[in-house]
Amino acid sequence: MNMDLSRRAFLRTAGAGLAGTSLGALGFGEVEEAHAAAIRPFKLAATTETRNTCTYCSVACGILLYSKGSLAKGEKAEIIHVEGDPDHPTNRGTLCPKGAALLDMVRAETRLQSPRIRKAGSDKFERISWDEALDRVVRHMKADRDANFVAKNKDGVTVNRWTTTGFLAASATTNETAFATYKVVRSAGILVFDNQARV
Amino acid sequence: MTNSWTDIRNTDLVVIMGGNAAEAHPCGFKWVTEAKANRGAKLIVVDPRFTRSASVADLYAPIRQGSDIAFLMGVINYCISKDKVQWEYTKAFTNASYIVKEGFGYADGLFTGYDEGKRDYDRSSWDYEIGPDGFAVVDETLQHPRCVWNLLKAHVATYTPEMVERICGTPKDKFLKVCEMIAETSSPQKTMTSMYALGWTQHSKGSQNIRGMAMLQLILGNIGVRGGGMNALRGHSNIQGLTDIGLMSNLLPGYLNIPAEREKDFATYMSSRGFKPLRPGQMSYWQNYKKFFVSFQKAMWGAAATPENDFAYDWLPKLDVPAYDILRAFELMHQGKMNGYVCQGFNPLQSFPNKAKSIAALSKLKFLVVMDPLETETARFWENHGEYNDVDPSKIQTEVIQLPTTCFAEDEGSLTNSGRWIQWHWAAGTPPGEAKTDIWIMAQIHQRLKALYAKEGGAFADPILNLHWPYKNPADPTPEELAKELNGYAVEDIPDATDPTKVALAKGKQVVSFAALRDDGKTACGCWIYSGCFNEAGNNMARRDTSDPDDTGAYLKWSFAWPVNRRILYNRASADVQGKAWDPSRKLIEWDGSKWAGYDVPDIAPTAKPDTVMPFIMNPEGVSRLFTRGMMRDGPFPVHYEPFESPVTNVVAPKIRGNPVARLFKGDIEQFGTSAEFPYAATSYRLTEHFHFWTKHVSVNAALQPEFFVEISHELAKEKGIVNGGRVRVWSKRGSVKAKAVVTKRIKPLICDGKPVHVVGIPLHWGFTGAAKKGFGPNALTPFVGDANIETPEFKAFLVNIEPLAGPTV
Amino acid sequence: MSNAGPTPEASYRVTRYTTAARLNHMVTAASLVLLAVSGMALFHPSLFFLTGLFGGGAMAREIHPWIGVVLFFGFFGLFFRFWKANLPEKGDGEWLKSGGAVLGGHEENLTEIGRYNAGQKLVFWSMSALILVLIASGLAIWDEYFFQYTSIDTKRIAVLAHAIAAIVAICVWIIHLYAAIWVRGTMDAMTKGSVTGGWAWRHHRRWLRESIGGKSADGGNVTPAE
Amino acid sequence: MALTSDDLIRRSASSVPAPATKLPEVAKLIDVSKCIGCKACQSACIEWNDLKPAVGENSGSYQNPPDLSPDTWTLMKFTEWDNPATGNLEWLIRKDGCMHCSDPGCLKACPAPGAIVQYSNGIVDFVHENCIGCGYCVKGCPFNIPRISKVDEKAYKCTLCSDRVSNGQGPACAKSCPTQAIVFGTKEDMKKHADKRIADLKSRGFAQAGLYDPAGVGGTHVMYVLHHADQPEIYAGLPKNPAISAVVEVWKGATKYAGLAVVGLAAAAGFVHHLVAGANRVTREDEENAAKLKEKA
């Protein structure tokens, strides 16, 4: 394929594959320091590479996350670079302008850091603990469910539904999250349940 | 997608209509450019705007938004009148030859059975004539006046090239050029792929837009073949998966249904789900419905789902309306009939139509929970952001609880792409601050709710108390545990069918695929179509073998695709009635005399004889439907209906406004504008630099496309005195926005029924949080009405007015 | 050589430049030297090492235009002090024609010279013109502040004009400096502000007459050159 | 193939010995006919090079940021062009950035030794430690590419990802490009690839399709496949016959040598004159005459 010509064939002739990339392996260490000064250090040296899937659209491009530190080793891991997975059959290492900037989604300034509450009529969010937040959510849910649960309809048919609280599911969570969500939501009798599929 | 992204490389012709793949799916679009570069494939783009896809197209044809059905029916009319039909395919693999019941008819834009008061049809006449043998009656000669083919022929005859030009504004010569190129693919050796997305779905007749193209693809013989298919380009990374797993009001996982309240017990529920074959010898796969349903109930409630309690059938909530979709949810909220709402990674304030209504609706809630990795406008709907969100917090009594979640880089699990590939991914980063995974949060909610009910009692607690929660750490199930549940497992030892003394599958073992599921409660399976994803062979979703024999683009050893790792749906149709590939160079599977084999997992029983069992085994007919019986609310054939807000009247059915069976809420009807007041045809869309409302939080993307704008033609700009880069106000009956103006040659006025129609393009991505400049987006303007079948809002066609604003022009 | 031998003791001294004028000149001269050094360093690779005097290339690049501004204003001051005295006169042509005699050190047969001889006037006017060219072209290529005001084509012409003008200016400066060295006693004018009567007699006799007589030939008051 | 100073073939304001072994010439080929203008290249460039372009405004165009900058080394430029031959609109989208000329005008103009280097594989790179921020490269460049940072007063432009290339990888933009409109390899291979693309375009009716590898700058290591190669200027002003400006040639050629010579000559002339003519001294006679004059007054 043409795209092979552009990337992989060239990489082969260049004598280095992606996975094996490290400065030492390429003999860079032997180069005198004065010579090295002209070339910026290769930023992926000594990073951990993890396979992931782009979180945006449904092309589901394969991506490689490069981190300092490894979760597998139980370390704190900071992602420092994101790039397309050249082995992925669909994207072949390419990424769109969103995928190519995934790193700045991971470390966006507006990433949420802690649970917060905005009380009725307030003009601000206040930080609360996870325990407080979850207990509050569950207390709200139970109060509403207990007050508005419909066990039987007017014809006496068992309907066991709860329609005064709704759940809007995500579009980028995993299937495993989706299933856990499904179980929790449906077991409570929630019918007002939808996802991003329509919009 | 019936096919996959990588399969597009096999096509001869790509039609992008109802979408803008280059813009929205650049890396998937790669396979279009590959097909062009390596196969000499051609690309047609039909769109109101000259898009990024159009920039590399061989042929671009303009069309007025909301007139796709007229266009598509026009193409079908062309193909039929020029005899450009894949006849063998059409006769054998579609219901062209099926006789429709006497009494069925169509006139003035309406089918038989319309009830104006209910805005609904009695669809009983929209069906086949059933013979005394219990099978549908067919006329293989296609002579019968009521056979589907003749009804179709008559139905599309209205849509002449002249009529298409009148309705769509597509110049006749361009339309005919499109027809010629498409018609060529009626050859068994030529294929065409349809790539579409929200440009077709976000209409009050979205489902019928898609049907229109599906019908065309069927008569051209382009379904089930390499390089063919109906390829819905899903928007979000796992929206396919969330839909597969049934996170919708009316679904159970695997496209099973939540019971309606008329289905008062399990027996009644199953009585309409027999799926008896409509032709002799045909396979009707949905006959296995009960196995899938019971296995799901076992996954939900484990030992508490017993044959005695109909596998806890009553524990499922039952619907009193067709669906509690988002529009109904916000309507109920707006009426004050809802108290709580949980938004998991979703930003309805920006995403839903009629933002003013959304704010009013959210303001009536007692509590709103927002789980998200990022700030969202929804979580801050109560906060005043000047003209961008002009609210008074002190008047809003909704308590908002914002929960920080991890993002893709910090969690593990699988995502299902548009081509149904379920790919596992691994976590690489430590979550920021106190962010937690969604699984943890959902587990916490369940565990705490369960504890409260156990302690305090309350409304019908059985389904909560008995929810099957078999995880090693109930407070934090692992993705693997959940994936194994989705796959399914033996609840108890399953005896071998031939030798009852042997155990076919021991208790606790993973089932190999859904073929092993049972309706007696001995198996559990979270989502039958995902079965096989994590069986005893391991996590098949984590496979990363790039081998691809014959370069078909199937990549059978890369991850797992549902169902049973099949990459092209209906692939039996890639071969003729005898089981030989239509095009030997594009072989997918073939009948070798005793079984089906080839490069893909056959979409048919491996030993099903080719001349007996037809390819569309999910239909009881075994064939595909040109005439869709009573399956769709708005007709067995697509009809051109104007959008609810249209710049012109419907020339084929002048009395009908919008889709005659689309659901309308009272207050929303009053908020529809007319072309007298709002003369310009607006449409909303995505830009390639941004993803929904997420990337405005990403500094890089914010720099690449910083500020909200609208696009108009030079002609409209001149008429209104708008300068390029200047500021404008755009308003509809529902709201008003301010934006920069991009004046472009890529939008041109369309001449519809002799009058010019000006298009105003309004991209989506801005809001009042994030790194990009604050902006409005289109949903302050969009109408609150959805598709008649699935309630997708009509975001693509509505009316606005526009005027220049004083102020700096940059 | 007619004028060989030791320099005789001054009969008396004549004020040629005021302290202000000398300061002005000194600032201008110093700027010019610094500009020449830094400019040449950026002009020819073999002289790049001279940027070391300024703390490196970047500093030389940073400082050079600022010195240029100083030069411009310095020279501006000099210009307004001296421009009248440098207006052409009748004798200038003769002086120029007698270039050989002048270069040979034989001024005695020439018409008496006023405050400035034609050569000095040429230096004055050529420097005025060159500095105008240098400041204009210099601003055009002072990208830090003025990048947006000119096109790149203009900047290319400017950079070439700047280089050529600078070379010419340096040559003029060399002549100016050499003349000051060669004509002994000249340095005093700028170092001490005064010259010996003999120097004035020899080189600017008319000016001497006028300054001693307190009257110029046309009856005006005579002042020092400044 | 880590790039080192042994691989240099040119170094600004200095001379380098010819490299012992010459690396194969590389090239980035940008096929404008395959480009969808998605800006993935811009995004990848920003991320790989840790750039921080500012969030600007919409100025009536998809082109954002509005121009190349120290934080924007590559930029999609959009042109809406009505093809007079077909009457059809064509949306021409060209990725702008450093062309990595074989005869780089920036390097020619640069006064700072080693601030701009050219490797034997054709990459022209800026070495920021040596850059003095004079902006001469801006004047030297026939394509208007380098930009001077307001922050550190140094010149920036595309490096062709020399750090990636020296580690066996292609440039970040080429890697990301979804439609592979940007490909990277040896210049020879890229020319062959271009031939195929041009043949495809000709088969689709673009009779003037061709390769842009302008001879005026000795060829480039960033080349374009254009559907209308006879009119490169319609692609957001891509110069038809780019060459280092004659003014720059004169400045960095004749002027540089002549200037130094003239200055040297002037100084030498004075020296010689002094040797020949000796000092022009005031004589006793002069002083006496002066004294007499004073007495008279």
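By written order: A, B, C and D. Residues from 1 in each chain.
Keep this in mind: contacts are C-beta pairs under 8 Å (C-beta built on N, C-alpha and C of every residue); 3 or more make two chains touch, one makes a residue touch a chain.
Source: prediction; values computed, not measured.
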Chains joined by the largest number of C-beta pairs are A-B
Whose C-alpha centre lies nearest the centre of all protein C-alpha atoms? A
Between chain C and chain D, tell me the centre distance in angstrom, where each centre is the average of that chain's C-alpha atoms. 39
In whole angstrom, what separates the CA-based centres of chain A and chain B? 22
Rounded to a whole Å, what is the gap between the Cα centroids of chain B and chain D? 49
Chain B to chain C: how many Å between their CA centres? 84
Which chain B residues touch at least two other chains? 26-27, 30, 34, 37, 688-689, 699-701, 704, 771
In chain A, residues with contacts to at least two other chains: 2-3, 82, 91, 94-101, 104
Listing every touching pair of chains gives A-B, A-D, B-D, C-D
So in the complex, the part of chain B that touches chain D is made up of which residues? 22-23, 26-27, 29-30, 33-34, 36-37, 40, 50, 52-56, 58, 60, 688-689, 699-709, 723-726, 740-746, 771-773, 810
Applying the document's contact rule, which stretches of chain A touch chain B when the two form their complex? 1-3, 48, 50-62, 65, 67, 69, 71, 76-79, 82, 87, 89-92, 94-102, 104-123, 125, 130, 133-142, 144-146, 148-149, 151, 153, 157-199
Listed in rising order, chain D residues that touch chain C in their complex are 13-14, 111-113, 130-136, 138-139, 144, 148, 153, 245, 247-248, 250-251, 255-256, 258-260, 262-263, 266-267, 270, 273-274, 277-284, 286-291, 293-294, 297
Quick one: which bits of chain C touch chain D in the complex? Just the residue numbers, please. 1-5, 7-12, 40-46, 48, 51, 56-58, 60-62, 103-105, 141, 143-144, 147, 152-153, 155-157, 159-160, 163-164, 166-167, 170-171, 174-175, 178, 181-185, 196-202, 208-209, 212-214
Write out the stretch or stretches of chain D touching chain B in their complex. 33-40, 42-43, 46-47, 52-62, 64-65, 80, 82, 88-91, 93, 178-181, 196-197, 200, 203-204
